[in-house]
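The structure appears right after this line, and notes come after that.
Every chain is named by a letter (A, B, C, D and E) in the order it is written, and numbering of its residues begins at 1.
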Amino acid sequence: MLTVSLQHALPAFALDVRFEAPPGVTVLFGRSGTGKTTVIQAVAGLLRPDQGRVTLDGDVLCDTRQRQWLPPHKRRMGYVFQEGRLFPHLTVRQNLAFGQWFAPRDAKQESLDRVVELLGIGPLLLRRPGLLSGGEKQRVAIGRALLSAPRMILADEPLSALDEARKAEILPYFERLRDEIGIPMLYVSHSAAEVARLATTVVVLQNGKVQRQGTAAEVLGDPAVMPAGVRAAGALLQARVARHHSDGLTELDAGGVPLFLPQIAKAPGSVVRIRISAHEVILSRQRPEGLSALNILPGTVEHLRTGGGPGAMVSLTTPAGRVLARVTRRSAHALGLEPGAECHAIVKTVSIAPEDIGGG
Amino acid sequence: GITVFAAASTKTALDDIAAAYTADTGQNITFSYAGSPALARQIQLGAPADLFISANPGWMNVLQDEGLIDAGSRVDLLANRLVLIAHGTAVPPLNLETTDLAGLLGEGRLAMALVDAVPAGIYGKAALAALGQWPSVAPKVAQAANVRAALALVASGEAPMGVVYATDARASAGVSVIAAFPQDSHPPVIYPAAAVAGGNTGEAKAFLAYLRSPKGRDIFLQHGFGVPDQ
Amino acid sequence: MSAEAAWLGPEEWQAVKLSLRVSLWATLAALPLAVLTAYALARWQFHGKQILNSLVHLPLILPPVVTGYILLMVFGTKGPIGGALQQIGIVFAFRWTGAALAAAIMAFPLMVRAIRLSVEAVDPRLEQAAATLGASRIMCFATVTLPMILPGLIAGTVLGFAKAMGEFGATITFVSSIPGQTQTLPSAIYTFLQVPGGETAALRLTLVSIGIALTALLLSELLARRAADRAGGR
Amino acid sequence: MLTVSLQHALPAFALDVRFEAPPGVTVLFGRSGTGKTTVIQAVAGLLRPDQGRVTLDGDVLCDTRQRQWLPPHKRRMGYVFQEGRLFPHLTVRQNLAFGQWFAPRDAKQESLDRVVELLGIGPLLLRRPGLLSGGEKQRVAIGRALLSAPRMILADEPLSALDEARKAEILPYFERLRDEIGIPMLYVSHSAAEVARLATTVVVLQNGKVQRQGTAAEVLGDPAVMPAGVRAAGALLQARVARHHSDGLTELDAGGVPLFLPQIAKAPGSVVRIRISAHEVILSRQRPEGLSALNILPGTVEHLRTGGGPGAMVSLTTPAGRVLARVTRRSAHALGLEPGAECHAIVKTVSIAPEDIGGG
Amino acid sequence: MSAEAAWLGPEEWQAVKLSLRVSLWATLAALPLAVLTAYALARWQFHGKQILNSLVHLPLILPPVVTGYILLMVFGTKGPIGGALQQIGIVFAFRWTGAALAAAIMAFPLMVRAIRLSVEAVDPRLEQAAATLGASRIMCFATVTLPMILPGLIAGTVLGFAKAMGEFGATITFVSSIPGQTQTLPSAIYTFLQVPGGETAALRLTLVSIGIALTALLLSELLARRAADRAGGR
């Protein structure tokens, strides 16, 4: 577990954060200039905070009161920088191998070939970074950090320069790092999809302070804190893989309700996390029939929040857990959605996006 | 006033005389002190010198051959003596004719000016050769860029002994003159002087005359120079 | 080589070889210290930094003859450091090592300046990246900083080498001119320039000196170009 | 109009493109390393192509055959670089003013204050770029390009480092540049939302070649070419603003079908472009009743495309235009969705995302 | 100043002033040419680049006395260039201008090297960015390259100034050592070292020389630090 407590004053900016990052992925979320990079740098040991204490699994990385300081090269943090920072004088292959040279001999090592293949950088291995495109650079930077056999990964918007298809390829890999290797991560992201998929814990920063900390489900489900606005709000549900169907669908059991989604590579019985984005849920008082949407969750309106705008956020309790739905006030009124009202949440199969599926 | 190009080693004496000259005549003298070869070359290439005082007859001869000096004004202005010095105060004198200099040096070096280039070195080499010491001493010679540098080597103790001019040895603490080279062991150490052709020869000659006047001679003698008979 | 040997007299040839030896040793021996000094001046904050900086530049500021005198006082056998070193068998006086010392000291400020500029141009964030990948300070330096400053290092070294090849005043004052020991090319050239008619011989040696230094220069340009291409990520 | 025809060989990469960019925004779309930046650089004059001809509004910028070459500083291209490239020795304000110094006196100038306010960089004006966060840098870079009174804007992933909220603020500004000032743009983006919102024309690059060029509607509606994969497929429809309702909704008229969406700032009668993402459409054979979704488009199945996976892409002809729906094969079968079948497309009000609305 | 004037003899004081004048002029006059040369060597490809590079470095390679001698032959009143310039009223021989010329030529390679390293360290992509914003080549240079190379420029200038303050061999050989005209501090120091008992005076002048050069050095460090902070974006 990572514990972070930092106070640091920069000209025109003051950081004062305290949070704990349990095993898994902790996503730092927040608008531009709120101190996400500054926090990561302090954890990496690249910034000496005015005051603070950082520990990882009980090892003190930094404690200003006790004057303890572990230099960055002893921390073994796999840092994917926001601006790449590839070594210009080394080829791509040498950049990738750089961390390997310094990794302890007995550390668990990713294989170079596997990482190269995953990131699609095979054809670049002999080139120097100066000749790479923006996305290519960022992929090499990710590979370099992964290959240094880190105790922890610090990733500062690692995917933002990548195209959607590449993102979709690389995200599962970060998941595997989390689930299979169990490597803890501190991850900066602006994307709700990435958060939902990866985050064990979300720490929301605002103006250098922790505005909110909680599980991904709590934070993503709270429109008030979502830095990306209401469009990113959504519910996270636990479900168990029930069976795989021959037509390419996987059936999940979410508290007794069957949910269908495109086949996922999990054995029946394993638990998965699914995200249901609030703005993709349609509500109906009667059980709807004859729709292309396969997933219908019966539930009860828990509460209904309206703001100044034309929208309303409805939260339902369903057998699968709490589900959020973003509807118009007009519809909420027309359907008589009031606390206690019974209704059905309609979710399209394919709208339970592959990116939003994470191992539980 | 006139400009005098003079060998650097004559600076102190000439400065003193020039001060007296200015006091007497009201005429200012400008000096440019440097190594004689540099000065001679500059005169060859049009330097605005009126009078040249060289530590080296050879370079004066060159200028004379090229018609760059007023040959009629050329005189042997100064003389100097070559001495052997040793590091330390009150080192007992030795006899140059009988002492095995090389043996005495042992591992030590004999400091001299460049033996093929700088007058003091050339004279010193000639003298040592005349005394029969050169073959044995030659491998032990450390050649300095000029006499003063040779003196510094001895003064610092880096070299136990050295060959320098009497004028230099006089003023240096920390070295003792342990022998004077016989006058006939080397060509006479002469500083020729001459007015430069095309310069202000009249005034140059006047100053030259002043240098050779009793007043000038006295000052030269005070600084340890010899003054050749006229 | 044999053509040159015939063209040059044996003593001149000796001076050429000696100059090469002296300059090479001077630059190579000074290089690590120059890199360290340059790095310290560029990156570290410490007391006496300005004093160190001034000391490094002194040989550039002083007339070489003065530097030679100071060397004589300090590193001569009777000098405080020279005397101590003599105890452990290191002698500079009248040895080619002394010539190399003089040349190294004269070349030092040039080397430090060039290398320091290069160090200052290296983005410290790259060193940080190396640190997060597990490279200790020294390894950071060896694997990141050093390759990136290579152009400056080469430039500084050649600048130093050229200076060492041309150095005369401090050398002759410190270790005088002993054929085969301390008579370097510039000493030999100076000697020729002292005597009437010595110009031709001086010119010949000057050409040799130019030839050597320019060869070094051209080589270094090639090396530096390649190093710069690499450091620029191409 | 910009016409581009370029051939250029780089080690391990060959560019060979030819396209025309009509007035408006031309988005270069394509995966990492397919040559988007290379094309933009050639248009800016930073890369001299082996062969090629580039003209802008009839002025020849580059013609290798006729040996014509307009140097970059005479082209007046407002280039937002993928990697920022702020001048480190100048303050943020000086960076912003840099282009203004060199702009022709009579050029249409954006006001510094307006751009600063839009980008939220007021507090940064006196700082130097070295002290800015990643997103702050990118905002300054955008401002710098906008302020140079350019004839054309070249933007290379200008928004990728920004958080969603900031993106949502800046996108309308690019729209205004397009619509009000009428400044042409060449814009690299990986985001379907940005493309839908901004693009007049989309040029899809693949491996240095133009794979497809067309209007945003054509390209986004064609799942085969969408570099971001099927999730980015969707339909673009034209609609007219019918009226604004008092509950914060705007009613559109899409070929006679009423569509509701949160209020937009367009006068009744104006034409807007809306994007309906294929994966957000639910199909139903009967007209559904009692749903929270307000928008129901009746239509006829035009064709149905199935692949190896569990999904099917259904295209419907509706009075509003062609609509795409991504459903499961299972649903398609259950509902009997075959060419000619009548059905209804259900679209949630709020799922017609604000980012997907562009002036038509 | 008056304290110093009292401490130093009038002729010495004259040498100090002359040295300052000569060194300042030498560095300032050489600076634009040094920047141009450095930029050309760093960024342009042209025929004869290596020849230019070699020429620039020659004064470093040659023993100063040889450089002085060559200057005397070329720029002396009887020399090919010196003679021609004399026709249009420009005289170097035995004037302080000649001392400045000698100092400038000796300082030139140091200045060029330092500036060139800085130019090479400037990311050409920043110049590209300036070009897209409408800056012509010259404006790019003035507004981007120049401010960014300022640390190197300052370093090179001070290096050159220090060298000019210390330059002796070429100067005395070229323009002799005429008080008030061409007798710089190092010439004066040299002359004092040539006469018995002149060591004290030489030491005094040496200290003055060191004082001036170190002041310049410290000033430059301050300036360069600020410039580097700016160029580094802080």
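Criterion: a contact is a pair of C-beta atoms (placed from the backbone, for glycine too) under 8 Å apart; a residue touches a chain by one contact, two chains touch by 3 or more.
Here's who's who by UniProt: A, D = Molybdenum ABC transporter ATP-binding protein; C, E = Molybdenum transport system permease.
If you're wondering where the values come from, they're calculated on a predicted model, not measured in any experiment.
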Seminar exercise, completed: chain B and chain D share contacts with E
Problem set entry | Centroid-based (C-alpha) most distant chain relative to chain C | D
Exercise. Using mean CA coordinates as chain centres, what's the chain B-chain E distance in Å?
Worked result: 35
For this session: Could you tell me the distance, in whole angstrom, between the mean C-alpha positions of chain C and chain E?
Result: 20
Seminar exercise, completed: So, in whole Å, the Cα centroid of chain A is separated from that of chain C by 56
Exercise. In whole angstrom, what separates the CA-based centres of chain A and chain B?
Worked result: 90
Exercise. Residue numbers in chain A touching 2 or more other chains?
Worked result: 83, 131
Seminar exercise, completed: Going by residue number, chain C touches two or more other chains at 65, 69, 169, 190, 193
Problem set entry | Pairs of chains, among all present, that meet the touch criterion | A-C, A-D, B-C, B-E, C-E, D-E
Problem set entry | Contact set on chain A toward chain C in their complex | 44-46, 71-73, 75-79, 81, 83, 85-90, 98-99, 101-103, 128-131, 144-145, 148, 154
For this session: Would you tell me which residues of chain B are touching chain E in their complex?
Result: 3, 5, 8-12, 30-34, 38-39, 41-42, 45-48, 146, 148, 167-168, 170-172, 223-224
Exercise. Tell me, which parts of chain D touch chain A in their complex?
Worked result: 10-12, 30-33, 36-37, 82-83, 123, 127, 131-136, 139, 156-157, 160-166, 168, 190-192, 227-229, 231-232, 245, 247-249, 260, 262-263, 279-280, 282-286, 288-294, 309-311, 325-332, 335, 337, 346, 348-351, 353
Seminar exercise, completed: Per the touch rule, the chain E residues reaching chain D in their complex are 125-126, 128-137, 139-140, 143-144, 147-148, 230-234
For this session: Spell out the part of chain C that touches chain E in their complex, as residue ranges.
Result: 50, 53-54, 57-58, 60-66, 69, 109-110, 113-114, 116-118, 120-121, 151-152, 155, 159, 162-163, 165-169, 185-186, 189-190, 193, 202, 206, 209-210, 213-214, 217-218, 221, 228
